[in-house]
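Can you keep this structure in mind? I'll have questions shortly.
Going by the order they are written in, the chains are A, B, C and D; count residues from 1 in each one.
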Amino acid sequence: MLLWALLILPPVLAGTCCVARSARRVLLLASVGGAGWAALAGATASAAYASGPLFAARGWLYLDALSAYHLAVLGLVFGASSVYAWGYFQGELADGTLSLRSARRFGALWFGSAAAMTAVLLSNNLGLMWVGIEATTLLTAFLICVHVTPLSLEAMWKYLVVCSVGVAFAFVGTLLVAASAQRLGLDASEMLLWTRLRESAALLAPGPMKLAFLFLLVGYGTKAGLAPLHSWLPDAHSQAPAPVSALFSGFMLNTALYCLMRYLPLVEGATGGTGWGGGLLVVFGILSILLAAVFIVFQQDGKRLLAYHSVEHIGIIALGLGLGGIGTFAALWHTLNHAVCKALAFFSVGRLGQMYGTHDLGRMAGAMRRSPVWGIGFFGGVLALIGVAPFAIFMSEFQILRAAAAAHAFVALTLFLLGAGIVFVGALRHAMTSAWGEEVCEPKLQPGGVADAVLVFGALALLLLLGLWMPGPLRTALEQAALIVGGRP
Amino acid sequence: MNDGAGPDAVLALLIITDLLLLGSSRLRSCITITALQGVVVSLLPVLLHGAEGAVRPWILTGGSMILKGAVFPWLLLRVLRESGVRREVEPFVGHTLSVVAGVAALMFSIWVGTQLNLPGPVAPNQTLMVPAGLATLLIGLFLIVSRRTAVTQVLGYIVVENGIYTVGVTLVGGVPMLVELGVLMDVFVAVFIMSIAAYHISREFDHIDVDQLNQLRG
Amino acid sequence: MGLFLIAMSLVALGGLGALLLGRSDRWASACGAGGAVAGCALGLVPAFRALLGAPVESLRLAWSIPGGAFVVALDAVSGLFLVPTLFLSLLAAIYGTEYLRGFRGAKSLGAAWCCFDFLVVSMGLVLVAKNGILFLLAWETMALASFFLVTFEREKAAVREAGWIYLVATHLGTACLLAMFVLLADAAGSFDFDDLGRVAAAAPALAGLAFVLAVIGFGTKAGFMPLHVWLPEAHPAAPSHVSAVMSGVMIKTGIYGLVRLLVLLGPPPAWWGWLLLVIGVTSGVLGVLFALAQHDLKRLLAYHSVENIGIIALGLGLGTLGVASGMPALAVLGYGGGLLHVINHALFKGLLFLGAGSVLHETGTREIDRLGGLLRRMPWTGTCFLVGAAAIAGLPPLNGFVSEFLIYLAAFGSLAGAEGQVMSQIPGLVAIGTLALIGGLATACFTKAFGIVFLGEPRSADAALAKEGGPAMRLPMVLLATACVGAGLFPVAAVFALTPALLLVVRQPKAVVTAVLAGAADPLRMIAIGAALLLMIVAFLTILRRLLLAGRSVEETGTWDCGYARPTARMQYTASSFAQPLTELFGLVLRTRTRLVPPKGFFPHRAALETDTPDAFSELLFRPAFAGIERALDRLRALQQGRIQVYVLYIVLTLIALMVWKLG
Amino acid sequence: MNWTVVIPPAAGLLLAPLLFGVINRTKALFAGRHGQPLLQPYFDLGKLLRKGATYSRTTTWVFRAGPIVGLSATATALALTPMGGLPAPVRFSGDVLLFAYLLCLARFFTVIAALDTGSSFEGMGASREVLFSALAEPALLLSLAAVARETRTLSLSGMVGSVSAGTWLSQGPALALVAVALGVVLLAENARIPVDDPTTHLELTMIHEVMLLDHGGPDLAFALYGAMLKLWVLGALLVGLAVPVRSGNPLVGAGAFLGGMVVLAMLIGVVESSMARLRLLRVPKLLVGATALAVLALILILG
């Protein structure tokens, strides 16, 4: 029942957005509805923990610990972004650059993408899961150019083509999975049900399953932004409005990784748990970390900087998943930490960007003096992102290091430390200039509401808390989820 | 009808259309060729699984025929008219060379086909179907990579889709209806949005040469 | 233990209070400083008890972080490092209240005090943590807090640069520590120190790797020579009371880490000792040489920290060799000297930085060549600084001499080994030569520092207008100076206080250790007697002179400048010219840059000579390395060059590559 | 503790100026002059002690403390020095170090006292002083270390006591090297030719003398007396090692020792009248050379 509600609510809201009378109302609806839906998502997730996996629609909708955890994270990010969007668009409402038409489009697509991501999380059928992913691509494409500009069009085109092509591979992968499941003799309606496949993963035909995983890795990897498939990511993130960027890198990337998490136990089962799939994930993870590091060192554009940070952290999560053991646990934990942290950073840089009329970090110099709240948000966010203790990301990355040592993947361990080190060196310098440097241009300041302070300091406090103390429920949740992916916490 | 001839014809047509696509530079004819290929591919479900007398294959065939044969060409021709571009000028890879590449792709996919012994309802006389599908897929990608105009890239995407469709239908007998339709839906929306985007692009830049969309870098 | 934790939480509360009271700088300072003072004072009690060998109190609480556990224990080694830490922090807090007064309104003092208090807390936690994850957490918090303190005046580009270098250096150091702990813990299956020790004893190769990583990681914090580059940048940038804490005790946490690891890892092989010895020699000699070439007072002091860390490393190296080669005397005296020097350096370096702070506070410049004649204007500061200077130069009857004396004893002792084995006696030889050279150069450096800054005539208006700081700045300096003298006059007590800690480190039976220490105690007693004799003679001569001069003419005139009629302050010898012969001599290492604008014509209106001595390692090693890496990375940026076709190509190639790799 | 122990320091305090007298006489002899009376240094000190004092306005208490601390430190060092057969009143394992560092303390205060005047000449002298002493320090300690290694003791009295003719036979070369090194250190520490020329009249070339430019009256007396004691102390050490007469009879020992001291003084005189002062840049080479000799000696003994 809850599951249906989760799926139905967003389209309804989207519809109402399309008929709302004024841009203002649309935004109000977006933020309130978003928050409400987030609450619902949270409730559902906790219900799933309380009473085991939830099924609906003859087992086609399915919510277990793993998806519930992701659902909760989605709720967190989506809710926060919706609330933030209200404040974000105030300026544009005031000077009327946000037409009713584009406001409606924003509202509709905003909830549309929520629906799509939920569909991915809820669908037990791997085919539908793919449909959901492709849908997120198509729905979010126009979110990038809420304001149609040459650059945003370019970004959107790249996003559209690259992701569609990539995700198409994922479909080939899905088909191959189905092919390798032929011998199970399941009938059509059950053929792609994940629960079924997981039960009898050992019986899947290894050959096709391997090929399938390659296709899936490339396909969903493109969507998740694993290097070298990440090329669309910095463009899309830098051109989209801040709330969208936050949603993108806070959670949309993770939906794609979530799909891989679903497939990992299948391929491991089929190949006899020799870590065949994990090895691939480790390789991609390390590649992403290193490549992101390269671009972070030279990045002058605040949003692109954060985008490459997403590549890095997605890489870290993939690394954790690939290493298995405590690594899986840490990767899932890192998902949450990264989501919170990245949302915070995008919120801040978005507002600062509006004030300064640019995302060039050099021109934002001295932001912390001009706009303390968002300045602190940005600086704190970046510090947390580059793994400064006692923020949570330090802890989850440390756990992933443990996993590397436990798996005796010493090369990976070294490269991970190296990449993280380069990122640290590069990002810190940018952040310090933009936060503390001498002003080069005069921002047009915006009145800061209480909500802003709550968003920023709430997020920072949360990161600090998670770094120092892990609540019991969270830990059990992570352990259950990790168990599903196949790691032993 | 015997279930050997039909598929073989499809197979042949598939490969021929691929090579034609690689060879021709006039966008209009590219669109028509792609449409033709779409129609051909759409026949597969009926040819392979139609015998079971289920209604499912017919629906699929119908649906995808309408989309690929009519809707897509219409959308793309509209973009073409808007932009006023006639032919693909100086692609990154010359047309003759492209054809050679196409053949190479075919070879590669046959090799891959031999690498994995696929189970599934593949009658012995259709072992070439999967490689052909893969080849189509690769050729579609090749189009995207080697051509300049947005239209060709959309075409490439459609061709990729055709390839996947071929592989899918050949490999997996019974993917649930809902999934099939969902996929079809997605493809439709994708092409739809792409052509809208291309439309916007030609408005904004008054060209559809995606190669010139390289402001975002680094 | 409980008492200690209460003290620390008191400090933390003070910090939070300061942050919350941020609106009013007055109250924020009061709260922050008050918390620090009260907490440190309270914490000193258990710290002293532990130092004097009270039974180890430990506490273990479950912690929800995987692998982590809140394990803290207060043993003698912790106590040994805690005592100076808390003592100096306490005094620095008092000092800071007045030092920062000038920034009221301009800066958020609440935040600054919060960082200071958390720096203290994290140092305390680092010194008692007995679980790897807890240790690392405290370690990183310490780095972050001190980073924000270093960048206190963050509107200055130079300060930001310094802060960046500092955080980067300490982070790269931490990376090594992360690797070390992870590797050890993986073998041990737990992050608790006790377990780490056990596994290391079992696997020598792993232990060796861990030790090297530790030397890099902890050495970065401590300022071992090639890794010291952040020190001369960060310490001058920080507010002076913070510099005092950082240079006096924070960098000692690096030494603590090494010592703790040596305790954990079990009997060390000889090469560890050699490694430490070499590090000690390079850091010691080069440190003091670079200090000699500086003319920024705080930078000079920072380089002296490197030098003293070198001396400590020398002591530890000798001690390790002693343990490795089973020479108890060498072990006890080496470690003893090193550890005692940890405390002594905390005392006099803290004192010197506070003194430099007062000078900066009153004159607004750290440039030695713009100062002079301050002893008349700031008698308290000047006198205390003199005590510190004499102490750091290792002169009797002050504390610096005592610890160096112990290390000398160790070195001489190692010479007295069996005939023929030259190799086993090289360390002693090296140590003696190094210490002697360091001693001489340090004397040169501090006669310069004290002489030019506090003596002669003021070289600038700033210096001429300087006046003594307030009581809150004087009291800490006086206390520290007294401590320096006291530890120098009563060395025996100081040495015996080390016994419990040494028992942990040198792993020799108590009888042996006490015997060696007793052996060292007799000379120390005699030294005390000698000191007393010295002071008696001084007193006698002073009285004698008074008697002699009684009733005779005592006049005041200008300095006799060899007949030159009108000497001006600008004709005085400057710091640079004072050190020039030495810097010239060691020019090969120092590579001092000189820019000379020679006087021209018969009536030259302008002539100038500038010299500066940048850090050789950052100039020749780190900058080029970073630049090289940057160039290399720059080439890779071509990957993201904006063509969608290429992006799609990446995808295809990846897929094909994967197929060929995994299926071919 | 019988009364004999106070003989050496007492002798030092009494006879130190005499060395200067001897040196001056020797130089006069070589110059073919009649020269000042042997006791002239005593007269000078006496005269200075009777004078009043003049202090520069620039100076502070440091300036007044300089000579006193310098003299006291040297005097304390004197209490550590054995002479002839007789051990020092204050002796313990490790007094070598106290000895060296007391000389260091004396120098420290002389230097800052010089800097206190703010005169560039005294600054120059101070700068050279610290340069040379910094280089002399390792030479001194390493040569002492060599002796300590040979005699297995860390107290000056012990070393001097146990260096005998036999030792010279067994470790002759090493001890010779040590003696040379110590000799150089002695010349440098006491600002004699070839390192410094105490009798020059050009302040620019002075080292030790120039630091005393502003001192007068009792202060100057203390400073000079300190210098004399320093020469005596180091000389006593050198002689004690170089003239190992170890008969039971204290008189013989004392005689040999005093003879040695006189010879040393005359040697210094000879050197001063036969050699010219080295160029300042050469001096470091000399001192480093001395250090090298000391190290060599140590190696020889270790081997």
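Here is the rule we use: contacts are C-beta pairs under 8 Å (C-beta built on N, C-alpha and C of every residue); 3 or more make two chains touch, one makes a residue touch a chain.
The shown structure was predicted, so the numbers you read here are calculated from the model rather than taken from an experiment.
Between A-B and B-C, more C-beta contact pairs join the chains of A-B.
Chain centroids computed from C-alpha atoms place C closest to the centre of all protein C-alpha atoms shown. Averaged C-alpha coordinates give centres for chain A and chain D that are 79 Å from one another.
Separating the centre of chain A from that of chain B, both taken as means of CA atoms, is a distance of 31 Å. Centre-to-centre spacing of chain B and chain C amounts to 70 Å, using the average Cα coordinate of each chain. If you average the CA atoms of chain C and of chain D, the two centres end up 36 Å from each other.
Of all residues in chain C, those touching 2 or more other chains are 637, 640, 644, 646, 648, 659, 663, listed in ascending order. Shared contact sites, meaning residues of chain A that touch two or more other chains, fall at 157-158, 161, 165, 211, 234, 295, 298. Across the assembly, chain B contributes residues 116, 141, 144, 153, 210, 213-216, 218 that each touch 2 or more other chains.
Listed by label, the pairs of touching chains are A-B, A-C, B-C, C-D. Chain A meets chain C in the complex at residues 157-158, 161-162, 165-166, 169, 210-211, 214-215, 217-218, 222, 228-229, 231-232, 234, 280, 291, 293-295, 297-298, 326, 329-330, 383, 388-390, 394-395, 398-399, 401-402, 404-406, 413-414, 417, 420-422, 424-425, 428-429, 432-433, 436-438, 467-472, 475, 489. Those residues of chain C that touch chain B in the shared complex are 637, 640-646, 648-649, 652, 656, 659, 663-664.
By the touch rule above, chain B contacts chain A in their complex via residues 116-121, 137, 141, 144, 150, 153, 157, 160-161, 164, 167-168, 171-179, 182-183, 185-186, 189-190, 193-194, 197-198, 200-201, 204-205, 210, 213-216, 218. Note for the complex: chain D touches chain C at residues 49, 51-60, 62, 64, 68-69, 71-73, 75-76, 79-80, 90, 92-95, 97-98, 100-102, 104-105, 107-108, 111-112, 115-124, 126-128, 130-131, 133-138, 140-142, 145, 148-149, 152, 154, 203, 213-214, 217-219, 222, 280, 284, 291, 295, 298-299, 302-303.
Residues 92, 108, 112, 115-116, 138, 141, 144-147, 153, 210-211, 213-218 of chain B are the ones that touch chain C when the two sit in their complex.
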